[in-house]
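What follows is a set of structures for review.
Across the two complexes that follow, chain A remains constant while its partner is chain B and subsequently chain C.
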Partner chain A sequence: MEKTIKIVIDTKGADKGAQMMIKGAAMALSEYPALELCLVGDAELIAAELKAHNADVARVEIIDAPDEITNYDSPAVAVFGKPESSLVRALTALSERDDLAGLINAGSTGALIAGSMRYLSLKDRVRPALAAVLPAESGGFTCLVDTGATIDCPPALLVHFAHLGSAFMKEYYGIESPGVALLSNGAEPTKGNAAVKEAHQLLAADESIRFIGNLEGNSALSGAADVLVADGFAGNQVLKCSEGMARRLITDIVKYAKKTGDENIMKLVGHLMSVYDFNSLGGGIILGISKPVIKAHGAANEKTVVSVIGMMMRMLENKQVYDRDSFAIS
Partner chain B sequence: MIEKLKEVLGKVLPEVDMANVNADTRLIEDLCFDSLAMMMMSMEIEDAFGFRFKEFVRFETVGDVASYIETRI
Partner chain C sequence: MEKTIKIVIDTKGADKGAQMMIKGAAMALSEYPALELCLVGDAELIAAELKAHNADVARVEIIDAPDEITNYDSPAVAVFGKPESSLVRALTALSERDDLAGLINAGSTGALIAGSMRYLSLKDRVRPALAAVLPAESGGFTCLVDTGATIDCPPALLVHFAHLGSAFMKEYYGIESPGVALLSNGAEPTKGNAAVKEAHQLLAADESIRFIGNLEGNSALSGAADVLVADGFAGNQVLKCSEGMARRLITDIVKYAKKTGDENIMKLVGHLMSVYDFNSLGGGIILGISKPVIKAHGAANEKTVVSVIGMMMRMLENKQVYDRDSFAIS
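Showing the complex of A and B:
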């Protein structure tokens, strides 16, 4: 019998509402036979929506949560002050139960990071980061870290992000010795702002990671690095510019295809959408905590929810292999 | 108290030299604290001093933190 993976979904907080999250969860149950879900939110609504979408309810647990953390709440204040919110209940369950493997949320990013730090800290507590796993030209993936959790980063924090990204790609993407690069405005060690230049020296001297040097923004998606380190401001710009550029290119190609009536070009558009549209990509991952937590795009639709659950499933399956191999070696 | 608190701050900000930190040091302006650092400090304080914060507190200075801890232990 296939081993099941049970994932927690916070159904509240998404721009398109809880119904969309529950519909996406129901679709994912059909897509992934090994999936079990723990849905947190308005229990009556969850039960009704699951029934409406003919979901396999035997694979779903529901945790009722009457309250919600919104984007108008101060993240840290809400994490302490809203114990009956769906996010706090979801994180509490995830931290206390071994059968729950990870969490997906599409609400307030700040509250998710603050809450993850509060409930899922490692034994040796570290500052978390928000990463994005980007599809690379090489066919692999690049983990961009940080993408906005920490805007101003001293050099030591950039080194910390390098370690978080490297450990993540090893554990969840099966890369034995991830190549780590530093985002800069030139390949030479002398390029970059003061923090980047100092971080370059620190990373070059750090034998515990495989530092491959600086990388410019136009190579961020090339696959040259498994991990690309940046402060949250620059990392967020790389992410958003990539999204914007992909959308712009796809829009132009669609216009051209409509003008020419070329069906092959529309097939190309379908392929590009499957690779670059954020609804197909998954979401941001919080690094530096004890279990995987993925932040889906606030504007997520039900297809995004299925993609994010798929991403979590693949990560957890890779981790099972990693844990087994690590155990065998030790 | 301040010395023990400086140990806690050292865990939150390992890159900062704590030698010049005193009760008047401002968390945001002088130590560049953000909300994540404030949260991490709260949790390190809980571990070090053995109590739980009931709500999130935005402290201004290191002295404010020390005074708050004294009311809780």
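Showing the complex of A and C:
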């Protein structure tokens, strides 16, 4: 029998609600035979929804959690003050039990980071980062770190992100010596805000990573770098502006396709959606903690949940998180 | 006879060289009958190139400037230390002569800002900003300010940018009460880096502008705001990531069109290029100085020069800088 993988899912906190999360979980059980799940949240609701979707309940464990952490809670306060929340129960189980391999959540990013720091810290208690693995223009992937976990970053933290991203691309994408770039407003070392300029010097002097210099926004995802380092504020702009602009062009193209009735164009739209809808199809990966945790997009739908569970399965099998073949023009 | 408009062009500093700038100037003379030019740079080269392109030299004045400010010069130092540079000669002429209406340059952004501060300061000596007017998804325009002139911005400077952008959209786009948003990593007032969070409070309390709150990267150019305020670092990311991602999709579409041989798709590409190649077709506008100055993209080609001269003509006629009709799907 194939080795099973058991993943914890926090069913609360998503914009579209717990029912959507449970439906996505049920769909993933059908999709991945090696998958087992530990669903955390309203136990009654979970049981009822699983039944409604004819899920294979033999592969599901339920942990009841009456409370919920929302985007209105202060992350650090909530993680300590809401012990009965689904997130705290999920993290507690994940940290204490060897049979649980990883966690997926679609709620408050801040609380997930704070909780990961509390329950899944490595021995040296490094600060975790929220990375996104994005399809690069050259055909590979770029790991953008940070995308919003830490907004104000001193230079040493940017260097730390470089190490986290580099280790991640080595482990999951088999890149022996990942090229690390620093996001800036110009290619020259003198370009950047105060923290970026200082980080540039530190990175250039750091022999344990292969620093390739600054990258500007227009080549952020060119594939020139395997790892792109930014503070959470700027990294968030790269992620969201890129996806926003891609979605906008796709909307324009759909309009044009409807006007012309051209079937080739509708096929093109399908391809573009599969490549460029990366934010809502994927999820953020928390780097620098003891077990894999993926933050699904807050606006996740069932498809996102299935896709993110797939990411997690690949991660746990130590394969690349995304499969590039799925992005090829066909 | 139609009233003429005389614009100063710094022919030096562009990536593609002075010959390209002069060729673009010659093309613009044919395109705009009301245009007169004052070309600053190597006088011999200018005269020779104008002749080579059969330009109407009766409408051109030449100011010789043997020196050049490059991207390797420290902006502030260069503006004081290179009095014979084309930029300093151009700015001196513009500041001293009433017949010269505005300036176009495609060289060092830093030097252009420093020079504008020195020669074109308003009485209250406000800090200028570099804005970009971008086509919004809703059909209007969004004035993004700052796009890279000031990288490290205290909260009060962000508020100042809000005022500059608001005044600009009133004057050139006839928007009575422009909606001003602040770029952040979340919609809530508590989201943002330290400067953004404080600026949010200051903007919310400022009754002289219509503040509509934070906008995230994925809705930065939705049209929800007439003015989008960001520090030069983050604003630069919005501008360059948006254009980079648009260009990348267009490249993908061209590949697909070649594969399918679908003519409708090539037509679509033409439309998308006209809307989304905004950075290289347009130019940055310096706000907060006494006369209009436009910074053309460093990688400008002849078409960019013609397009930017057109922008300047419209500005000087107090019309909107870009004409939305030219962006419509046809």
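To be clear about the criterion, the second predicted complex is superposed on the first by the 315 of 330 C-alpha atoms of A that agree within 3 Å, B and C clash if a C-alpha of one lies under 4 Å from a C-alpha of the other, contacts with A are read in each partner's own complex, and residues count from 1 in each chain.
Just so we're on the same page, a residue touches a chain if its C-beta (ideal position, glycine included) is under 8 Å from a C-beta of that chain, and two chains touch if they have at least 3 such contacts.
What you are looking at is a predicted structure, and each value in this text was computed from that prediction instead of being measured.
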**Request:** Would you sort A:157 into first (chain B), second (chain C), both or neither based on which partner it touches?
**Result:** first
**Asked** Which touches a greater number of chain A residues, chain B or chain C?
**Response** C
**Asked** Looking at the overlay, does A:218 come into contact with chain B only (first), chain C only (second), both, or neither?
**Response** second
**Prompt:** Now for A:309: first (chain B), second (chain C), both, or neither, which partner does it touch?
**Reply:** neither
**Prompt:** Counting only touches as set out at the top, which of chain B and chain C does A:149 meet: first, second, both, neither?
**Reply:** first
**Prompt:** Touch check for A:182: first (chain B), second (chain C), both, or neither?
**Reply:** neither
**Item:** Partner chain(s) touched by A:90 [first = chain B, second = chain C, both, neither]
**Value:** neither
**Item:** Partner chain(s) touched by A:196 [first = chain B, second = chain C, both, neither]
**Value:** second
**Prompt:** With the two structures laid over each other on chain A, which partner does A:113 touch: chain B (first), chain C (second), both, or neither?
**Reply:** first
**Prompt:** What part of chain A is shared between its chain B contacts and its chain C contacts?
**Reply:** 151-152
**Request:** Would you tell me which residues of chain B are touching chain A in their complex?
**Result:** 11-12, 14-15, 32, 34-40, 43-44, 53-56
**Request:** Could you please specify the touching residues of chain A with respect to chain B in the complex?
**Result:** 74-77, 79-81, 110, 113-114, 117-118, 121, 125, 127-128, 149-152, 154-157
**Prompt:** Touching chain A in the complex: which residues of chain C?
**Reply:** 71, 137, 148, 151-152, 183-185, 188, 192-194, 196, 216-222, 231-234, 236-253, 255-256, 259-260, 262, 264-265, 268, 271-272, 275-276, 279, 329
